[in-house]
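These notes open a run of structures that come right after.
One chain, chain A, links the two complexes that follow: it is found with chain B in the first and with chain C in the second.
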Partner chain A sequence: MPRISPPLTAHCVLRLGDYSLLLHRRSSTVALFLCLALLLSSAWILAFGANGLTPWAALRAAFGQGEPMQLLLIRELRVPRLLSGLFSGAALGAAGCLLQTLARNRLATPGVIGIDNGATAFAVASIVAVPTSLAPSALALSGAATAAVLTFALAAGGGARGYRFIVVGIAIGALFGAATNLMLARADIDAANAAYPWTVGSLNARPSQAVWLLGGGLLLGLPAAKLLVRALSLMRFSDSVAIGLGVRLRLMRVLSLLLCVWLTALAVAVAGPVGLIALVAPEMARHLCARHGVPVLNAALCGALLMILADWLGRHLLAPIEIPVGIITAIVGAPYLLWILLRQSSRSSP
Partner chain B sequence: MPSRLSLPRALGLAALCLLALILASLLLGAGDVGLWASLQALLGHADDEARFVVLQLRWARTELALLVGLALGGAGVLLQAVTRNPLAEPGLLGVSAGASFAVVLAINLGASAASLHLGVATLGALLGCTLVLLVTQMRGVGEDPVRLVLAGAAFSGLLGALSSLLLLWDQRTADEMRFWIIGALAGRPLDTLSWSLPGLLLGLAVALPLIRPLAALALGERVASGLGHHPQLTRLGTLLAVALLVGTATAAAGPIGFIGLIVPYIARRLVGSDIRRTLGLSLLLGPCVLLFADTLSRLLVRPYELPVGVITAFVGAPILIAVIRGHRLPTL
Partner chain C sequence: MTSLPTLLTDGSCAAVRLEARGLSMGYAHSQVIEHLDLLIPPGQVTAIVGPNGCGKSTLLAGLSRLHKPSAGAVLLDGKAIASLPSREVARRLALLPQDASAPDGLSVAELIRFGRQPHQSLLRQWSEQDQAIVDAALAAADLLELAERPLESMSGGQRQRAWIAMAIAQATPLLLLDEPTSALDLGHQIEVFELIRQLAAAGKTIVMVVHDLSSACRYADHLVAMHQGQIIAQGAPSDVVTAELVERLYGVRCVLLQDPLSATPIIAGIQRSTRPTEG
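Take a look at the complex of A and B:
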């Protein structure tokens, strides 16, 4: 067995006793910077709302010190909102990265292939039909799974490859969208209002249980995604190359699809269909890392950053009126989608 | 392909269907006026309420469905012919989104005269058509039927978000637009028909001389030029006609999706893919499909009504999947 030569200069090796970890240097730096940016913008968002506090007071209030008014403002309103933004953004970013790699198409994001709409339809059903606080997450999960299975089953033959898959996804999305409209049209006005955030995507006053569930899901999902990265980055080449390198193709496909559905559904149960985060965040991560890989963690960080910034923008752009975060991301993300669509030549790969 | 019908037979069949559906649309409703009472009202002897419901409300609604179905069915065939793409549909390609965004913008800026909608919506539809034209002209992108649909979806998403933004901004607009933006045939002002008829006729008049050039274009650009047609001019004219038709339909009934996909699909199945055969048939089938969806939307959840767009989406999405799953996309 030949000795494996030391990694290329773009990497560095972290050794800990018998264990060693190969790190892409630039990716690690980017991750550090993204974490820093996340911390700074979180502090900024906590401190400056409609009711200004000094950053110090905000920080103290976040840890339980200060006047009751400040405590209420920070701990009851801003922290949950910030957390739901961070969590849902991270989940969507990671899910988008997984699905893009799986389909070998950067346009294949959970929103485009209908997973978002499936989750939304089922979540709305839970509000209109069975109003309990935990139900939306569970139902969103089953809705997302249904949509994903339908899309993959109906696109069979074409596989997860190419554009046929995406158009089937669009059709499935349209079906579930119509189902959502149907339920909203039949529901009485209060239930319809309660379900409204799910239809545009908003971080306003999300149920805390769903947020914690999403946090737990991320805690499970992100390490799992990190474990899949190795196989996924081999699957970016052709199937035969991946098989030759020892990837269990079918298993890996199913696992990453499951993970993608899991993350998307939990995020949609919190924030509604803010799907374009899943398109933009992995792209941004890829550009920042300056390499073609499967930057799951960096995509999650980018997603979280984009989400909280978009939400902040939505709250402050037309000050007394609050723009739901889904509208902001659509206005930013859709032109970007158009751009990559028209720019790329007929072949495409992430 | 299943056995094709001859054109006159298909036209006759469609006309019969249309008559039956018009009758059904007049006789069936979500309200209290039942089948028998409606029949009596049609024959002229029933109480005032039944006569009002049938002869005023349902009749106006049926007329509107005829007009909108005609416009959307025709627009679907024309759009598919000009892009040579069996997935092209005004809703999927962002033409309807352009029209509805323009209307929302106009109302937001203070316009309220209903007749203004027509011009504004047509302008917006033209914007959507321009995008279609741009995309089809791009090398490597234009030949790929699916990428056009994706571009349309992205464009619709953008305009939809902008519309929601405008609606958030202005409560008055939001109230005015809330029902229009889903797309429905019910509760339109009575003069809708009179001002949208000219738009429809104009659109069809623009389309009529283009049928032969479009049929030639289906054989390829070179053949079309060789036969003495101007491909570019044909494209521009067709897109203008599509914009007029979709603008009219959208101004009258809001954005109703998938009609432009369902109708040409059925027409192709019946008489083959030559536009000289499908266009005429589609003008009959469009109202059929819309009337069917509208009548169904009244009956499914009585005593409520569904937005008709929900029904068309439920019928249209499976057809979209069928088209895309077809072993190879039918070439137009």
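Take a look at the complex of A and C:
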């Protein structure tokens, strides 16, 4: 009988002396294709518009090569918006993947646990209270953090699998949602209009500090998520199996939750509550990877791709009227959610 | 089934001591086990038997560090198991829990691959030895032909063999099994028990919770009988098992026969006891 290596038919091994990396072929291929798709759509989105640039010229301008007018248009207007879309999409995709794995439920998203609502409430409060508020992003960040801390504190010591955390998060989110509505109801029409993008999620004119903060957060958060993947892939088994294989469940749960909150908070400070990305991107990544493992990085790539495409669609569908990206993701995401719920399938765990 | 390659039992011969000292375990308002002492004989198959709710699964959960004791300790080679890093324990003690479940779509070989995780690290994700051990575990559990099949498409017996193969791939000297044959028909039960005997013959120490007393007698070297959270008898099955013990454990009267093949006790002629049982 020929010597077979069954566990590796779907993998390839990179070996260097004593060190080895096990790569899932399909996941790696998917990641490559997603990177390529991101690059192409980024170039296309940068080039697309009134000025008739070629994608290549747009990419060159993004890196500082070209005529001054092109440079101004690309570097000052289009690149920041593209980056805020890429970063917030990636952060939400990864955060969604973490939380869904943690809760063993593919409907769990950071939006469910109240972080989005906290960010919205604080941002809206800043706009409503001070009409010329300069820092709704900073307040969105502190709102997200406040919601997360409240949820953590109130859920402390509770339920093994984080259900308690999710239920507490839903309650906190509802409170913040009510507070937002109350403020909007009492605000004058101009303030309410100014606050509107924060209630649906938009990439329009976000301060660059928030975008860079998010970029830095991703730089820390994504490798951290990748480090957790090995433990997370065992957390898809029953608890007793995971413990038997040496996973420190409690520690890993807390770390993944913290990471999820960190990524979500930074993303909503930039984009507002675009929660459906966190639902759809991980599902798309799992589908592309043939349901192998915990595809945190591919979920991040899918999230980035979905976010910039949705934002582009929102800007051009009814141009010159801009539809906020949160509405586009809802229009695309809600039917998708219904499809998941109605699909004849017993596969309900992530 | 082929005999077990030495690869899977390397290091197993260095006998590992697992013991419970003054162990008390329980849930919020009820103590299940109180002040229990037990030494698992190294290199043997120990079966824990007893009626429902006697604490045998709780004891196994304590021995395998799934649940923390409320008092006392479980010692692995003389050190409190709770104080050892979980991964280090996983390299010495493998566990097959009763509620083992895997994510959808996992193939048998993929499942067994996870058994190697305690031995791997971020930069050592797949060694030649990992591969050899997974191959050997597949062969030992007679699963080579089924390696690529998704777990959920397999019969109960095959699935149970796959889970045991995963525990084998952990290459630990100690193996703890919670009712490994509970959902299996006769043929599959024998298959699993014979695999367990092979593992013991190769030097592993095995502890299993077993429902069926006759099977426990036939396949275990050491029997631990539990009743109301206490060990009421332990030793070689043919020495320990008596009609009185069976009546005390299960509240039934029976006739003890001898298995013509293995000369171990068989429980027969079971009747409900007329005498009220204690407790």
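Going forward, the second predicted complex is superposed on the first by the 268 of 350 C-alpha atoms of A that agree within 3 Å, B and C clash if a C-alpha of one lies under 4 Å from a C-alpha of the other, contacts with A are read in each partner's own complex, and residues count from 1 in each chain.
Quick note on the criterion: a contact is a pair of C-beta atoms (placed from the backbone, for glycine too) under 8 Å apart; a residue touches a chain by one contact, two chains touch by 3 or more.
Everything numeric in this text was worked out from a predicted model, so none of it was measured.
**Student:** Of the two partner chains, chain B (first) and chain C (second), which one does A:Ser20 touch, if any: first, second, both, or neither?
**Tutor:** The second partner, chain C, only.
**Student:** Touching A:Val79, do we find chain B (first), chain C (second), both, or neither?
**Tutor:** neither
**Student:** Using the superposition on chain A described above, determine whether A:Leu234 touches chain B (first), chain C (second), both, or neither.
**Tutor:** Once the two structures are laid over each other on A, A:Leu234 reaches chain C alone.
**Student:** Of the two partner chains, chain B (first) and chain C (second), which one does A:Ala43 touch, if any: first, second, both, or neither?
**Tutor:** neither
**Student:** Mind working out whether A:Ala194 is in touch with chain B, chain C, both or neither, as first, second, both or neither?
**Tutor:** The answer is neither, since A:Ala194 touches no partner chain.
**Student:** Tell me which partner A:Leu313 touches in the superposition: chain B (first), chain C (second), both or neither.
**Tutor:** Touch partners of A:Leu313: none, neither chain B nor chain C.
**Student:** Could you look at A:Ile243 and tell me whether it touches chain B, chain C, both or neither (first, second, both, neither)?
**Tutor:** Only chain C; A:Ile243 stays clear of chain B.
**Student:** Answer with first, second, both or neither: which of chain B and chain C does A:Ile166 touch in the superposed model?
**Tutor:** In the superposed model, A:Ile166 contacts chain B only, not chain C.
**Student:** Following superposition on chain A, which residues of chain A contact chain B and also contact chain C?
**Tutor:** none
**Student:** Could you list, by residue number, the parts of chain B that touch chain A in their complex?
**Tutor:** My answer: residues 87, 92, 135, 138, 140-141, 143-144, 146-147, 149-151, 153-155, 157-158, 160-162, 164-165, 168-169, 182, 257-258, 301, 304, 306-307, 309-310, 313-314, 316-318, 320-321, 324-325.
**Student:** Given the complex with chain B, which residues does chain A contribute to the contact?
**Tutor:** For this pair, the touching residues of chain A are 107, 112, 154-155, 157, 163-164, 166-168, 170-172, 174-175, 177-178, 181-182, 185-186, 200, 276, 318, 321, 323-324, 326-327, 330-331, 334-335, 337-338, 341-342, 345-346.
**Student:** Once bound in the complex, which stretches of chain C touch chain A?
**Tutor:** On the chain C side, the touching residues are 61, 64-66, 85-91, 94-97, 99-105, 107-110, 112-115, 117-118, 120, 122-127, 131, 134-135, 138, 144, 147-148, 167, 170.
**Student:** Spell out the residues on chain A that touch chain C in their complex, using ranges where they run on.
**Tutor:** Within the complex, chain A contacts chain C at residues 3-11, 13, 18-22, 227, 230, 233-234, 236-238, 240-241, 243-248, 290-292, 347, 349-350.
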